[in-house]
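Below are two complexes that have chain A in common, paired first with chain B and then with chain C.
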Partner chain A sequence: MLHTVNKSVFERNSLQSCLNTIDDSSVILLIEDGVISAAKHTKSALLADLAAAGRVFALQGDVEARGISSKLADNIKLVDYEGFVDLVVEHGTAVSWV
Partner chain B sequence: MATKKFMYLNRKAPYGTVYALESLEVVLIAAAFEQDVSLAFIDDGVYQIVKDQNTDGIGMKNFSKTYHALGDYDINQLFVSAESLKERGLSADDLMPLVYEDEDDDWAEKPSVKIVSNAELKELMSEQDVCLSF
Partner chain C sequence: MKISIQINEGPYQHQASDSAYQFAKAAIAKGHEIFRVFFYHDGVNNASRFTVPPQDDRNIVNQWAELDIKNAAGEPELVVCIAAALRRGMIDASEAGKNGIDGNNIHPAFRISGLGQLIEAGIQSERLVVFGD
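Right after this comes the complex of A and B.
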């Protein structure tokens, strides 16, 4: 499955809810304000293990818009819109954590 | 018209919601009425004035440049929560160098951004006639 999260980890608990229920093969794509969760900060430990396993992606355009390209936590993979489509195709059912 | 002290509280990251842009619009309106305007950036609002924003990839207007114009409207008190910056792994160096020209000091260029503690922010808020939160 593909889980998309579009809210900042500082603003809502969408990411936490996603992490509470994600299975061992699913991946997370951070989009819109969700990319704030991909930066190095006091909450980045939440995602660290999944990222180390190569299972956390962030939409590059949203990262660049918010000026955090140089602030990303380790192992976050950037994708463009085409990469977004590839993830949807590859992982089937998508869950949108709004 | 009597001058009042207005503070705009900015709490949301830019682009994901319309709050940041709407706040900026209202700030400029208040400035046109020659009110005493200050801005506070707290929580994810600190991302509004982070430097190197590039919106080419999302097809939205990069309105971060507009913050540079605030000084020309005599808006030169931009307070940023130190706690909110720290929590997000950000520092003063990550913010845009926003400045204004001080007419009382031979138009010397001075920084508009001041990083304050939440305790200082509390004091600043208590001095306001109007606080508007976005």
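Right after this comes the complex of A and C.
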């Protein structure tokens, strides 16, 4: 499954709820304010293991719009909207944590 | 692949409609079919034909209209939830007539219908992607 998270960890606990729920084959795509969690020195440690396994993606346009391109945590994969579409196609059911 | 989209927030206040639009555009560019876009809750405000943003800003309503998502019968597949729309003052000519209201504001690229259209989109499509806030 694909899980999209669109809120900063400093605003809501949707990322934590998502992490508590997902199975071993799921991937996470951070979009909108969700990309804040992809920045170093935030709460990106929450994602470190999943990111190391190549299962955390962030939407490039939203990362750039928030000025965190140079502060990305390790192993976060950037995708554009076409990459977003590919993730939806490849990973089956898409769950939006809003 | 057949993909449908649900949008739960209106334009300009939240990013949901912008994200959904960029997603839809990319999906079409990659050769996928957008079966239906369902506008629910405050998302119904994306269908107002009276939207006039400043000239240097994007017109979200027109962007959706220009995607021109229709079914084989030529009907718009930008579908606005009727219950969510009417309680927010979003109304088409037919509903305006039934309710004795002297105007209508649904953009012609959209159509008003019921929640069953969302369920059907979920059944008919291989993916349903939700954008909200």
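The working rule: the second predicted complex is superposed on the first by the 97 of 98 C-alpha atoms of A that agree within 3 Å, B and C clash if a C-alpha of one lies under 4 Å from a C-alpha of the other, contacts with A are read in each partner's own complex, and residues count from 1 in each chain.
Quick note on the criterion: a contact is a pair of C-beta atoms (placed from the backbone, for glycine too) under 8 Å apart; a residue touches a chain by one contact, two chains touch by 3 or more.
The structure displayed is predicted, hence computed values, not measured ones.
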| item | value |
| --- | --- |
| Fit-or-clash call for chain B and chain C when the two complexes are aligned on chain A | fit |
| Partner chain in contact with A:Ser8 - chain B first, chain C second, else both or neither | first |
| Chain B versus chain C as contact partner of A:Glu64, first or second or both or neither | first |
| Partner chain(s) touched by A:Thr42 [first = chain B, second = chain C, both, neither] | first |
| C-alpha centroid angle, chain C to chain B via chain A, nearest 10° | 80 |
| First (chain B), second (chain C), both or neither touched by A:Val98 | second |
| Partner contacting more residues of chain A (chain B vs chain C) | B |
| Touched partner set for A:Ser17, first chain B, second chain C, both or neither | neither |
| Partner chain in contact with A:Val89 - chain B first, chain C second, else both or neither | second |
| Touched partner set for A:Glu32, first chain B, second chain C, both or neither | both |
| Superposition-derived minimum Cα distance between chain C and chain B (Å) | 5 |
| Footprint overlap on chain A, comparing chain B with chain C | 6, 32, 61, 80 |
| In the complex with chain A, residue positions of chain C that touch it | 1, 3, 8, 15-16, 19, 22-23, 25-27, 29-30, 32, 127-133 |
| Contact set on chain B toward chain A in their complex | 12-17, 43-44, 47, 50-58, 60, 62, 64, 86-90, 94 |
| Sites on chain A touched by chain C in the complex | 4, 6, 31-32, 61, 80-82, 84-86, 88-89, 92-94, 96, 98 |
| Partner chain B, residues of chain A touching it in the complex | 6-8, 10-11, 32-33, 36, 39-44, 60-62, 64-71, 80 |
